[in-house]
Each structure stands twice: as structure tokens, then as C-alpha cells.
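Scrolling down, you'll hit the structures one after another.
Each of the two complexes below includes chain A, the first together with chain B, the second together with chain C.
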Partner chain A sequence: MRNRRSAIFLTELLAAILIFAVAAGVSIRIFAFARTRADDSRDLGRAVLAAESAAERWRAGDDTADARYFDRDWEPCAESGAAYTLTLAASGQTAEIRVSGGGETIYTLSVRRTGGGS
Partner chain B sequence: MKHRHLVDTAFAVALFGLFAGLALLVLLSGAQAYRGIEADASAADTQRTCLNFLAQKVRHYDAVGGVSAGRFGDSDSLELWENIDGTDYVTTIYCLGGKLMELFREADNDLPPESGTPLLDAAALQVSEDGGVLRIACTGTDGKTAGLALALRSEEGAA
Partner chain C sequence: MRRSRHGACAGVAMVMTVFAVLCLTILAVLSLTTADQEWELAKKTAASVTAYYAADTRAAEIYDKLCAGGVPDEGTTFSSDGGGIAYRVPIDDRQNLEVRLVRDGESWRVAAWQAVDTGDWQPDGNLNVWAGPDE
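This part shows the complex of A and B:
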């Protein structure tokens, strides 16, 4: 009788652990996904800021650099330590600004310089 | 028989311990992920709010002589000038005691930095102007800095 009760208890415990393990696996995947999305969101925000700044400098005729490099914390750095790259390809009165990192394009911005100012 | 009972109990306790340990691990990893994401989002929000606020202010006051970079107290400052009924007024935005502050005053009225209104958390503000481009950098309370360049419309043609 005691053996039977003990076996039932162990089966229950194992079933609970199994269910918990599945739930924990799903939760950890969700946490990892949330972290990735948060990092992507931060990168997009910083890429937009960097592209807008490059557009403003180009508009003012101040930016002659074709590329700018940023480290993992989005601080300007040399090409060798770059995690993100901003490239500005100007053609006459238009320019294409592209911010990329990890082999993927994060943000692109097309800008046009007009005679009147805007 | 007694020995087998002991093994059964030990096995059940070990399984329960494993269960409790895993539960704690998942809880801690969830808490850590939430804390990290929340801290990043909060810092990004503060920096974006700060930079967008300053950009909107610059756009609003962007007339000839309307925007300049300066010093106020121990901080770089953004100075926004306007003339109301023949009197010059200046709105100064600067950092003091971990806050971004705003002070509106008559141009020749020397008020101390403490007189300003706190707007949001910011550890430092850097403002410089060169060739019609205003560079603003805001350092958050986490020590991270985000910057923005703004071409002054009023300076176009002059640069």
C-alpha cells in the first residue's frame, strides 16, 4: 500500500517537473526574444539619431566623410573596432544614408538638399 | 525495506529540490531580463526625450541670432533669444544637479542657475556650434551619451 502511494507521488512529481520544464523553456525563449527586441529597438533609435545628424551635417555642407563608425555603445570609433557603420552616398543634391550593423541594414534615409532651405 | 523507503524519500526530496531550483532560476532570469530591458528603455527614453525636446526648441527659435551655445553655471547651455515688445529675453537650457533645467529671464537679469525649472533627469549637457551646425549631446544618469547635430536654417548661406 505504502509502495503504491509512493509511486503515485513520484509520478505526480515527475509530471509536475515535466510541465514546469516545458513552461520554463517557453518562458526563457520569451525572455531571450524580449532582450533581442529591446536591443533592436535601441539600435533603431540610435541609428535614426545618427542618420538624422548626418543628414543635418550634409545639409549644412559640413559632412564630407563617406562613412562613420560606432562601437557597441554607439560611441564614434575607428573602423577597426566598429560594430555599426553609417555610410553617406551623395549624388548632386540628393544623398542616401544607410546605417548597418551585424551585416544587416538597420535604417536608411534618403535626403534632398533644396535651394530654399527645407 | 526500511532502506528502500529512505531511498524513495531521498529521491522525492532531490526531485523537489531540483524543481525548486529550476523555478528559482527561471524567476531570477525573468527578473534580470525585465530589469535590463526596463533600464535600457528608460535610458533611451530619457535621452530621446531630451534630444527631441532640445531639437524642437532649436527649430522653434531658429531665427538669425535666435539660437546660441554658451555656459551657464558649471554646464554648457543652449540659449534661445527673443524680443518681446522691445525687451530681449533669453531661455537658457542647462544641466544642474542631475537635472536638465530651463530658465526664462530678461537678457540683462542675472539669475542664478538654481532659479530654473527642472525638466528631466540628465547628468550632463554639451552644446557647441560650428559653421551653422549645432551639436548637442545629452548624458543620461546611467552615464551614456547620445548626440544630435542640427543645421541652423537661419545660418544657411552664411556658413
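This part shows the complex of A and C:
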């Protein structure tokens, strides 16, 4: 009788562990996907802000930098420690701003500055 | 649930597992929903900035053309009064970039360069506030 009860308890425990393992596996995948999505959102938001900032500087006549570098926290840094790169390719009165990270382009922005008048 | 001689209840493990799985599932779905909403917001922000700068580029082209003595293109809404000229370039279906120029010698000077909301909205003029106790 005692052995039978122990066997039932053990079977239930094993089933519970199996169910929990499957659910935990699925949940971890969902959490990982959500984390990736959140990181992508943050990168896109910061890339847009960086591109806007570079665009306004260039339109105001600041031609000093063709490239800017950011670390993993989107703080300006040297090229050696850069995780994200902003490049500005100017051609006459137009410029193409590209923000990339991890080998992929995150955001691009085309801008034009006025030539005549004030 | 039957209590065994060791004090363990048959079914307790399963109940606790179901509870834990339920909590995990709810947390996972909530985090996924939040991340998806953040992603959608970031995409909309990026699209709106891209649309603004596309309109801005178009407006700058028109301005340069006017400064070079050219004539305004068709398809752009122009109006002129006195010594000034104004035109608008659509940013999206709810916003226009409105530019107002005034004559400055042989060239044009920018008097206004701003995004203007064109969408319809119904302001609610009524505010039901408490008017004090009834006399």
C-alpha cells in the first residue's frame, strides 16, 4: 500500500516537472523574443534621434564630422569601442544619414539644406 | 487529495505546477505585448520623422528654385500676397509643411517654416465641473 502511494506521488511529481519544463521552455523563448524586440525598439528610437540631431547640425552648417560613434548605451565614444555608427554622406546640398549597428542598417534619413536666401 | 503517511498530499505538486505555469504564461504574454507596442511606436516615430524630412527636402527644393528665379512647380499649393509668397508641402494626411517667404532684395527670406496640423478635430468646449452646492 505504502509503495503504491509513493509510486503515485512520484509519477505525479515527474508529470509536474515535465509540464513545468515544457512551459518554462516556451516562456523563456517568449521572454527572449520580447527582449530582442525591446532592444530593437530602443535602437530604432535612439537611431532616429541621432539621425535627426546629425541632420539639424548639418543643415545648420556643421560639416565637421562625417561619422559619429556610439557605445552599447548610445553614448558617444571613440571608433574603437563603437557598437553603433552614424555616417553622413553629403553631396552638394543633400545628405544621406545612415545609422547602423551589428552589421545592419537601423535607420536612414535623407536631408537637404537650402542654398540661397537666408 | 489524500494525505500520505509522510504528510505529502497527492495533487499538491500538480496544483503548484499549474499555478506556476499560469504565472509564467501571463508574464510572458505581458512582456511580449509591451515589447510589441514599443516596437510599433518606434516604427511610427521613425516613419513620421522620415515623412517630415521628405517634405522638408521638397520644400527646400522649391525654395532653392524660387531663389534661383524659377517658377513654382505644379502640384504644390502656392499663394502670394504683396511682397510675399507661401506654399505648403504635405507631410502626411494630417500635417502640412507650410513655408512663407518674403522678398529680400533679389532673393527670398524665410518668414515661416513650420509643420501645421490639418486633421479634423472636434474640441470639446464643455467642461462639466462642479458648480457648487445647489441652493
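Throughout what follows, the second predicted complex is superposed on the first by the 112 of 118 C-alpha atoms of A that agree within 3 Å, B and C clash if a C-alpha of one lies under 4 Å from a C-alpha of the other, contacts with A are read in each partner's own complex, and residues count from 1 in each chain.
The criterion applied here is as follows: a residue touches a chain if its C-beta (ideal position, glycine included) is under 8 Å from a C-beta of that chain, and two chains touch if they have at least 3 such contacts.
From a predicted model like this one, the values you see are computed outputs, not experimental measurements.
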Touching partner for A:53 - first (chain B), second (chain C), both, neither: first
First (chain B), second (chain C), both or neither touched by A:113: second
Which superposed partner A:93 touches (first chain B, second chain C, both, neither): second
Which of chain B and chain C A:61 touches, first, second, both or neither: first
Which of chain B and chain C A:75 touches, first, second, both or neither: first
Partner chain(s) touched by A:45 [first = chain B, second = chain C, both, neither]: both
Which superposed partner A:11 touches (first chain B, second chain C, both, neither): neither
Touching both chain B and chain C, residues of chain A: 2, 6, 9, 13, 16-17, 20, 24, 27, 31, 34-35, 38, 41-42, 45, 52, 117-118
Contact footprint of chain C on chain A as seen in their complex: 2, 5-6, 8-9, 12-13, 15-17, 19-20, 23-24, 26-27, 30-31, 33-35, 37-38, 40-42, 44-45, 47-48, 51-52, 55, 93-94, 107, 109-118
Residues of chain B defined as touching chain A within the complex: 5, 8, 11-12, 15-16, 18-19, 22-23, 25-26, 29-30, 33, 36-37, 40-41, 44, 48, 51, 130-133, 144-153, 155-156, 159
Complex interface listing, chain C residues touching chain A: 2, 4-5, 8, 10-11, 13-14, 16-17, 20-21, 24-25, 27-29, 31-32, 34-36, 38-39, 41-43, 45-46, 49-50, 53-54, 56-57, 60-61, 63-64, 67-68, 101, 104, 107-110
Complex contacts: residues of chain A adjacent to chain B: 2, 6, 9-10, 13-14, 16-17, 20-21, 24, 27-28, 31-32, 34-35, 38-39, 41-42, 45-46, 49, 52-54, 56-57, 59-62, 73-75, 117-118
